[in-house]
Amino acid sequence: MHFASDNWAGAHTKIAESLTQHAGGFAAAYGASELDKKVEAKFNELFEREVAVYFVSTGTAANSLALASVNRPGGVTLCHREAHVIEDECGAPEYFTNGARLHPVDGAAGRINPENLKRELKRFNPAFIHAGQPMAVTITQSTEVGTLYSLEQIAEISSICHSHGLPLHLDGARFANALVSLDVSPADMTWRQGVDIVSFGGTKNGCWCAEALVFMNPDSAKDLPFIRKRAAQLYSKTRFVAAQFDAYLQDDLWLDLARHSNDLAQKLAQHITNSSQLRLAWKPQANEVFAIMKRTVFERLQKAGVHFYDWNPPHAEMHKVMDEEVFARFVTSFANTQDEVDQLGALIA
Amino acid sequence: MHFASDNWAGAHTKIAESLTQHAGGFAAAYGASELDKKVEAKFNELFEREVAVYFVSTGTAANSLALASVNRPGGVTLCHREAHVIEDECGAPEYFTNGARLHPVDGAAGRINPENLKRELKRFNPAFIHAGQPMAVTITQSTEVGTLYSLEQIAEISSICHSHGLPLHLDGARFANALVSLDVSPADMTWRQGVDIVSFGGTKNGCWCAEALVFMNPDSAKDLPFIRKRAAQLYSKTRFVAAQFDAYLQDDLWLDLARHSNDLAQKLAQHITNSSQLRLAWKPQANEVFAIMKRTVFERLQKAGVHFYDWNPPHAEMHKVMDEEVFARFVTSFANTQDEVDQLGALIA
Amino acid sequence: MHFASDNWAGAHTKIAESLTQHAGGFAAAYGASELDKKVEAKFNELFEREVAVYFVSTGTAANSLALASVNRPGGVTLCHREAHVIEDECGAPEYFTNGARLHPVDGAAGRINPENLKRELKRFNPAFIHAGQPMAVTITQSTEVGTLYSLEQIAEISSICHSHGLPLHLDGARFANALVSLDVSPADMTWRQGVDIVSFGGTKNGCWCAEALVFMNPDSAKDLPFIRKRAAQLYSKTRFVAAQFDAYLQDDLWLDLARHSNDLAQKLAQHITNSSQLRLAWKPQANEVFAIMKRTVFERLQKAGVHFYDWNPPHAEMHKVMDEEVFARFVTSFANTQDEVDQLGALIA
Amino acid sequence: MHFASDNWAGAHTKIAESLTQHAGGFAAAYGASELDKKVEAKFNELFEREVAVYFVSTGTAANSLALASVNRPGGVTLCHREAHVIEDECGAPEYFTNGARLHPVDGAAGRINPENLKRELKRFNPAFIHAGQPMAVTITQSTEVGTLYSLEQIAEISSICHSHGLPLHLDGARFANALVSLDVSPADMTWRQGVDIVSFGGTKNGCWCAEALVFMNPDSAKDLPFIRKRAAQLYSKTRFVAAQFDAYLQDDLWLDLARHSNDLAQKLAQHITNSSQLRLAWKPQANEVFAIMKRTVFERLQKAGVHFYDWNPPHAEMHKVMDEEVFARFVTSFANTQDEVDQLGALIA
């Protein structure tokens, strides 16, 4: 029973097939091949506007280069207190921006609280250079804790950003999971709500290694070719990313895979709700499920072959976890099955 | 006729097959899978000692993280004046080391001249902090200009390094091409001659995207897990690199592919030698061939569908190129054929 | 009435005299002069042990280089949520460490709460490289909000640090003010309580520009000469800093000046306590006094020629400030007089 | 006999007096005082246009922040092969630009050869991102080897820069020495020849610690307040730098001091020309004199109490120095006397 992470899954068959299909023949390197161009054009369709697309190797790279592209001296990026960029990227965003600070903003359920965002932005007086200068806000959709921002919530955040002249970045490592859960279009979930830059992740949802940095305004990405190359993120054989995205975006494969993962998460949540041994931390909206249990239960499940991790509870929710308890994360992926979920359900019934 | 670069080729069939084979099922992410472990063990065999191996996404990343791993405040890395780290990585080595300087050393035929290396090292007096402190020497094998260091030449460089307490890094983007040309073992070409760190490239020789950073002394790589993650170079599904290397190293595939490329380069060089329109810049020893021709010839070949680049001549060889001439590079790869080379031969006869 | 900051004062007469006295003649540059050596030796006496001392140009430089000296890949420094390093250095600590993250820890009255520190450190599992690795804890004494850590509180923090293998840095921009208020020795306030590195400030207490970075364990500072030079912080005529410290430390000048400032702060606090228009935010322990007042009062005082700043209230104390109120800071210095304080007292009576 | 460096001298009496005069009273910190404003206005007069002026702590800081202000991803600054930024700043320029590369250009007598500059710039094809992108050219006046660029030579360099869209920076650590030797105005030596940014040094010519970064186009310096603060280069009591420059620029003190140093250098050069034991490396044009001598002579002079350094010969002049010889530097300063020079003359006669 594999619920450790959606990146424990390999690649979907159609992704593997696409790679095989494009393996032969010569093609211009460094993003100049016809396949690259074709797949880039697909992103224009997807987002219903002309966007600038840059393939990179990891989600951490996508987020870090997004911030590097809006970097300023003394720059500060506001993000949720437990954002991936803070808690899970080993300092990469600060490293790639040469020290632009991540400024944590509190908020329940993994979402930046708009009032807190306004309050924190008020702490930066443009005449007071000592504090540095805000340079961006970043949100994660679906969030680190498996919840979602509604379209209205995204629009509210972006409106605060833009009134301060700040771009809004969206970490979409699980973009597809959010999209199918909200049942909206990519355009609706991004630029129509004021999102400026998206880390568009494919890896967690069935690709081997396919991440794209998408700029809604191509003009704002003019330095990206240098930023990406300097960051050692320019593959020579970029077509191998393009080939993955080609299959991924074909015939809604990506949406089907995300829907599958999300459905399993709902079923798992139901099992937990029914369980006498675990309690659900909050209602999942994508493919991550958080639960609280006694340490003895945690250990029993681990021994029974359930792969899942204990996790740092968010600051805003720490009070929910008692001293002898374990806060844990379960992630479902395209490669999980209903059977597997039900087996886990039986173990915790 | 594709001679633009060996990274215009895609992936060898066996690489693609291996990816397909390993696509299914769950496996621990971030380098902890069984396949990762198995392939890492292959590197121990390959190098005939226990080494530390880290998979990264690009050759630029391998070189940059190699230097980051030996970084010092005010650090200076000595390299050939036209080394890839200087001329082709958009400042990535300096970026990842936060500014460790690359100090160019002159030398003919792409090789650091040992006397020049000694002379440049003499310019650094440990009591004179203003100059900074040497932290490493890096060489490229095969070199940027398609030549090789002999084992003796490597040993001479490493002996200078070690007498100054400096590690020697080898940029092996075309490691296999050098190996088969010298007809020696990986151990012979590296640690037995005093090489400490190797960027072991697979991409240019038939993989999609497979680069490994190899430390001959695993103790010296203790911080690498953090260095790699901070650099956004830790793939989640690392097994997809492992799967490529698994096939690459199986049954000497990598050596066969490199031998093929080298053989074609020799044939191409022969055609150029025989040509009345081109002259060979120097004798190739791996899979890159440099030639000098009139601009009119260059343009005619381009129009005839020969893909190849004009190139900046090395400082030490600039005198060989007349004003109205073009200095050009031809690269052969596993995907080229003898036919293709002969077609080019016919065009320049 | 000047209460804007202690750095609005110039230099004390004795500091100016010392500079004049040492202006003539030749002396070895870059820290090698006899005066440099003599003043460095004074620091040994002061701290009752052999320390390593490095003069730098600003308090921000001292703090940033302190952190640079303990830097690690993916490094994280834990500090108070409103520490000077976070709120007032424009990202310099992250810049000089190339992105080592500052991790905020909550605590009342400007002090890191030890339980919160333990809790935050628990979030870093050495096996989980994604979070980065703690590299130091830094505290400020006197704190940003004019309070003090008692010796026991310092010892408690350092004991947590050392049980995690982390060095403890103390930002002593107002070191003297804390010292005289606690009435202890430098040794007592630092290494005897487990402090490893001190930013020893002279500028705010009567020097022009004299900051020293002091390492209790000289071995841990071996790279500092390169770290300082690379950071453009090595003055050529270092004796001009040495000359300032020479006078500063002579006959307890520094302690007398700090005592004077602290006394005035106590008197100012008394005036505020007696005022019907202002209320004291908390009891001052050094030379900074924080008060809350209506915006109309704030504006009236500004117009009356009182120089002082409105200030961002600490997160932990934000509830104390009503919507229409201003949170403000008053700082006293060696150059203020009792008269000036009483004039302000009269204005707010 | 002190010829080790002009920074072995202390501060001129008038500088010390000015500091004493401005020590009392309160003044706005961080560059906002009336004295700061007044001295900044002096720079406008000096340069005969409105310039932006930023005081910093060291010449290395001035140069590094100049480059940081024109920084680009993958940026490359072209400079002389033995420029101070390469050889004497411990990597600070690369550090502060987070790795913008310094690209050495050869040239005789410490001057960038314009033909070589053109040739090196040609190596950067805007379509070839791998090489990075040129971002500035920097020259030193007077040069590292005590020579000068004529106005025509500066204009020639700047014309090459501007035809490539690059700003020209001038490292003026010894700006005054060049100025009096050429007998021209600051405007003539800088913007009238196309210089865009100047590191204007006062320290080597009689100040304690006074360096200014001067932008001929104030608009190009808009980010400097943040760049300087982030670099820990914003003094709180900036008026202490202003006070130095106030005296320095008063009644041509700075020019008188430089003229004195230069005159002594000429006399010293004459002694060397007359000497049977030393030979002049080249004719000095400012206050640095380079000479070649047998090692035995070098040691005898050192023993006789002559303070001076052996030096790395420039690459272009290495052939002038025989194996058993020492290449040495003598520097004269405002604090040296004719007597001292004649004493040295007697020793080498």
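For reference, chains read A, B, C and D in written order, and residue numbers begin at 1 within each chain.
The definition used in the following text is that a contact is a pair of C-beta atoms (placed from the backbone, for glycine too) under 8 Å apart; a residue touches a chain by one contact, two chains touch by 3 or more.
This is a predicted model, so every value here is computed, not measured.
Asker: Among the remaining chains, which ones contact both subunit C and subunit D?
Answerer: Of all the chains present, those in contact with both subunit C and subunit D are A, B.
Asker: So which pair out of B-D, A-D or A-B basically repeats C-D, with more than half the contacts the same?
Answerer: A-B
Asker: Can you tell me which chain lies farthest from subunit A, using the average of the Cα atoms as each chain's centre?
Answerer: Relative to subunit A, the chain whose C-alpha centre sits farthest away is D.
Asker: With contacts counted as defined, which of the two, A-B or A-C, has more C-beta pairs across the interface?
Answerer: A-B
Asker: Measuring from the mean C-alpha position of subunit A to the mean C-alpha position of subunit C, what distance in angstrom results?
Answerer: 39
Asker: Whole-Å distance, subunit B centre to subunit C centre, using C-alpha means?
Answerer: That pair's centroid distance is 50 Å.
Asker: Centre to centre, by mean C-alpha position, how many angstrom separate subunit A and subunit B?
Answerer: 34
Asker: On subunit B, where are the residues touching two or more other chains?
Answerer: 73-74, 89-91, 95-96, 98-99, 129-130, 132, 226, 229-230, 234
Asker: Name, in rising order, each residue of subunit C that touches subunit B in their complex.
Answerer: 68, 72-74, 98-99, 129-130, 132-133, 223, 225-227, 229-230, 234
Asker: For a test of understanding, state which residues of subunit D touch subunit B in their complex under the given definition.
Answerer: Listed in rising order, the residues are 73-76, 86-91, 93-102, 104, 123, 129-132, 312.
Asker: Spell out the part of subunit D that touches subunit C in their complex, as residue ranges.
Answerer: So the residues of subunit D in touch with subunit C come to 2, 4-5, 7-13, 15-17, 19-20, 22-30, 56-61, 64, 89-92, 95-96, 98, 203-204, 208-209, 226, 229-237, 239-240, 307, 335.
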